[in-house]
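The two complexes that follow have chain A in common; it is paired with chain B in the first and with chain C in the second.
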Partner chain A sequence: MKAYISSAITISPQKTFKNPLFLDEVEVYTDNRLTCIEPDYSEAIDPRLIRRMSRIIKMSVASALACLKEAAVAIPDAIVTGTAYGCLEDTSVFLSNMIEYSEEPITPTAFVQSTHNTIGAQVALLIKCRQYNNTFVSGGASFENALLDAMMLLAENDNSNVLVGGMDEITDMSHIVLSRMGLYKRKPASNLDLFKTASKGTINGEGAAFFLLANKPSSRDLACVDAVTTFYKPTDITETANYIKTFLTTRAINCSDIDLLITGNNGDTKNDEIYAQIQTSVLADIPSVNYKHLCGEYPTSTAFAVWLGSNIIKNNAIPDALNFKPISKSKINKVLIYNHYQNTYHSLILLSSC
Partner chain B sequence: MNTAVFVVGMGAISGIGNNVAECLAALTNGGMGIDKIKHLPTNHSELLPSAEVKLSNYDLSVISGLSPSISRTAMLSMIAAQEAWDDADIKHIPGLRTGFVSASTAGGIDKTENFAVDFLTDTRKGKLRDVINHDSGSITNIVADKLGIKHHISTVSTACSSSANAIIYGARLIKHNIVDVVVAGGTDSLNRFTLNGFNTLMVLDEQLCKPFDENRKGLNLGEGAGYLVLTSARVVSLLKKAPYCALSGYFNANDAYHQTSTSPNGDGPYRAMSGALAAAGLQPEDIDYINLHGTGTQNNDISEGAAIERLFQSHYPKMSSTKSFTGHTLGASAGIEAVFSTLAIQHGVVFSNLRLQKPMTAFSFAPETVLSRSPDIRNVLSNSIGFGGNCSSLVFSKV
Partner chain C sequence: MDKLIADLKEQIAAQLKIKNIEPSDIGDDEPLFGDNLGLDSLDVLELIVLLKQNYKLKVSNAEDGPKVFQSVRTMAEFITANQTQNV
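Here is the complex of A and B:
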């Protein structure tokens, strides 16, 4: 089952939204917190609605609406989202107010918008989409499950399309809490140097990305999603390697068929060791690039990677931002994304030219 | 693709019982679980009746085998999922790919609230162990690890319809040959965040809730967890016991009307119910019992009722809201009610809708006020309607 990506839109820490140029310049961060570059929303969303929306809702709704517009789809047959943490800012606003006012009645807006399905629901409400609507909150496999749900829907229904998205936001509270847990580098340097020195910790990231997937091709397709799979807490590197090998052999794919591997290296020594081992065994000798120096590390970063991979296929070019050494292949047909989030959820997403 | 999916195991914990047998006993003898709040530390304990599970965190930790410092949501999930998994008696079959699809609306927020009290005074304070399982996905992982399930793990969150969508997703993973067996359902614990959230929305009844009553004043919250074990016909043939029933149809639709309320004409619930019937290949008159979403709020009951009136017209099946026993358990409700729907088929019983005095005048039907038994409950429809317009219906059928 192939899914045709007829549009891909992301708001990220790079200038990716409504930018006809594909990562031609890189936004440099010297802190360990990468923040999305937000557009002027008034073009896309009614200003009266914008006021009530938190940052993640605005970023996501704007991306979703732009994605539908780009694909020339008014109402999709389904909306599926994935987010590990959901609407964190609204959660912490309501939580803080509840504690501060000792459970006295307060305004319900933040509570209402803290619900994990708020984004899928807001998009449905704005475009009056009465179809299938689902939200996954599966940690580092949230976007992958949304994508898998979308692929299954496309297989179940002829001639249909699905709007699928992945999003997570950093809040001041989440950044402090996750920093205290030791996730990020103590001495941050430029994001451009993320992979240059071996040290503990990564850089915090965020983003919202939406895709319009269809089971029939169109003239505007960027690429296709051939397959998505997740695997959970492999006991050792052999189990990881075996899972990847099975994924490839069941689809009759050799490593030499894969033109580019996008890996989820995040600059943390222990985290990145897994990619190094896999790239010297089951995925050896495949040209590869990293992406988390551009968007930071977060549970739904693979949505950014799919945006990146599908644009690489469409443009048949790898931007300089990815520090890629030129390869001899003239056409990039197959791109494999391999990511793991804290060695809990691993995922493989296979993209191909249409 | 159209492989049937069967229910071969079930587990539940709620305000009316710590396992399926206790819940069934309470449902048949009218044992209601809504009371003053005893376990959750909140200023509303005397004012807002709720259906807590009648066990402390310490008691739950003894039964679940999890640390008493872990989220109550995880312990409730563990107990019900383990019951379902043991009930299915399926582990001994070699080579099965097993999934765990769980749902929750608030995950580990019962612990985050404690963390935040200290954190808000000083950002260096608050025990990290109280916030590490904040997200719903972490709760699922804790339970999956203890169950020893790892082929597919995922978590759904679509407000009050969450566990219906977890069950639907689980069934589809089987149909697409991604797994052979799935434990699917949901969990939520009573917590201050949710209790205060619903209180600010002014949808909580300060008395005992009266779903589908003309004088209903709102809902009572509850807590708990409910799971089904689903599998294919091929695996059923390898089991010693017959399946309880089949999950014969399901449908997910969105009302697209308002963020927190459902359309008065019940478009979303209508689409969900009629879609589920069509998927099951059934006519409205084939349904013998509807387990209503029936929260007891003005809005829900008028919307769900309008959809039922439109779809069933003169063929009204028996119906009841078991939330009059368990309160509204949010992300767990469709899982718990899927277990109750299965019990209705297994035992040939239609549960009553407690405290119904004056049926809603807008409709020409009324839920059941007394328990009734009929040997042939063939098809049961279970509804879930949530924030964000998320409406899902499930159909269970006798096999």
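Here is the complex of A and C:
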């Protein structure tokens, strides 16, 4: 069953929030950390409530509320979120406090706000939504699982619309820890050159993106989500190719049907080798673009990719920010997003025009 | 007492992350809960922890809570009375 994307809002390291122009310029970073460009939240959230919210909560709540507003929906039938790290800043605060105060009683707010489902709950409280509310915490497949749940709710229940979001944040602590694990490039380079430097590591990223999915079309739809699938830890490239082939054949889709492939290349040689192999085999000859030079690498970056893909379909244009050579097709009807997170969580998301 | 009240205002503003209000703008006798500062039940827990962490004091009788946390002055009076007792 199709899910119609009535609205898509993201706060990202690019000027994407409340910007009527679709990626008209690229924000350039020369560090290995891409931080979100945050709006003035006082316009979106009651200032009395902001004081307790960490950065990821503010980014997510502002995106969610803007998404509902854009779709002209006051209360959705369900709220589903996906996050790998949850509210990491608050987690860091209360764990640090536990150590600092020798496990004596500590301030409750950081603990209360640190749980992964804080964002879904905050949005529900703000709009007084007492419907289904669920959060998926499954590493690099967190957003995809939220999306799958939303699509199943639309297909199998009476839900007419679902608010679905994916979000993760960088904190100073997480950046240090993940850097030690060798995830990021040691030599800072411009994000614009991410795919030019053949080296180990990527650039850290973050973002919050929300979508209002509906089971019926409307005049404001950006695109449709046709299908979502995930697979975990494929043993080799053949197994990866087989998963992708099965995804396409069960839906009777040929490569020639796909107008654009959005891949999760992140500038890490080993990581990107998988995309290179797939693009010379099962997904050969499909025009493709990368997106992680815009948002960085993080477990729920596919939420940014869905925002990007749905806007490409809606605008029928690929922004210059993606360094894309013009394609011969006059209409972009089908966009396939293929991403893997550390060759562990793989996902395919198929979008189409409505 | 004045010094303690001023310190408390700083600590409350920092602990509760009160924005748009300077610590000095909080009245000595202004009710902490209600419309003015907009504090709520979760903030009570924050204030209990504040007393424990900064002054090593515990509000042992729950019924005393509303009296102790009525205003910055009542908090200061509680601290003064109990720290003197402890000495």
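Convention: the second predicted complex is superposed on the first by the 352 of 354 C-alpha atoms of A that agree within 3 Å, B and C clash if a C-alpha of one lies under 4 Å from a C-alpha of the other, contacts with A are read in each partner's own complex, and residues count from 1 in each chain.
Methods note: a contact is a pair of C-beta atoms (placed from the backbone, for glycine too) under 8 Å apart; a residue touches a chain by one contact, two chains touch by 3 or more.
None of the values given here were measured: they were computed from a predicted structure.
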| item | value |
| --- | --- |
| First (chain B), second (chain C), both or neither touched by A:149 | first |
| Partner chain in contact with A:112 - chain B first, chain C second, else both or neither | both |
| Partner chain(s) touched by A:236 [first = chain B, second = chain C, both, neither] | neither |
| First, second, both or neither for A:40, with chain B first and chain C second | neither |
| Chain A residues touched - chain C or chain B, whichever exceeds | B |
| Chain B versus chain C as contact partner of A:103, first or second or both or neither | first |
| Touching partner for A:158 - first (chain B), second (chain C), both, neither | neither |
| Footprint overlap on chain A, where chain B in one structure and chain C in the other make contact | 105-108, 112 |
| Contacting residues of chain A [partner chain B, same complex] | 79, 84-86, 91-92, 94-96, 98-100, 102-103, 105-108, 111-118, 120-122, 124-125, 127-142, 145, 148-149, 152, 155-156, 173, 176-177, 180-181, 230-233, 344-345 |
| Chain C partner contacts - residues on chain A that touch it in the complex | 47-48, 50-52, 101, 104-109, 112 |
| Partner chain A, residues of chain C touching it in the complex | 15-20, 38, 42, 45-46, 48-49, 52-53 |
| Footprint of chain A on chain B - complex, ascending | 1, 42-44, 104-105, 107, 109, 112-113, 116-117, 119-120, 123-124, 128, 131-132, 134-138, 140-141, 144-145, 150-159, 165, 169, 172-173, 176, 178, 192-193, 196-197, 199-201, 252-260, 267-268, 271, 386-390 |
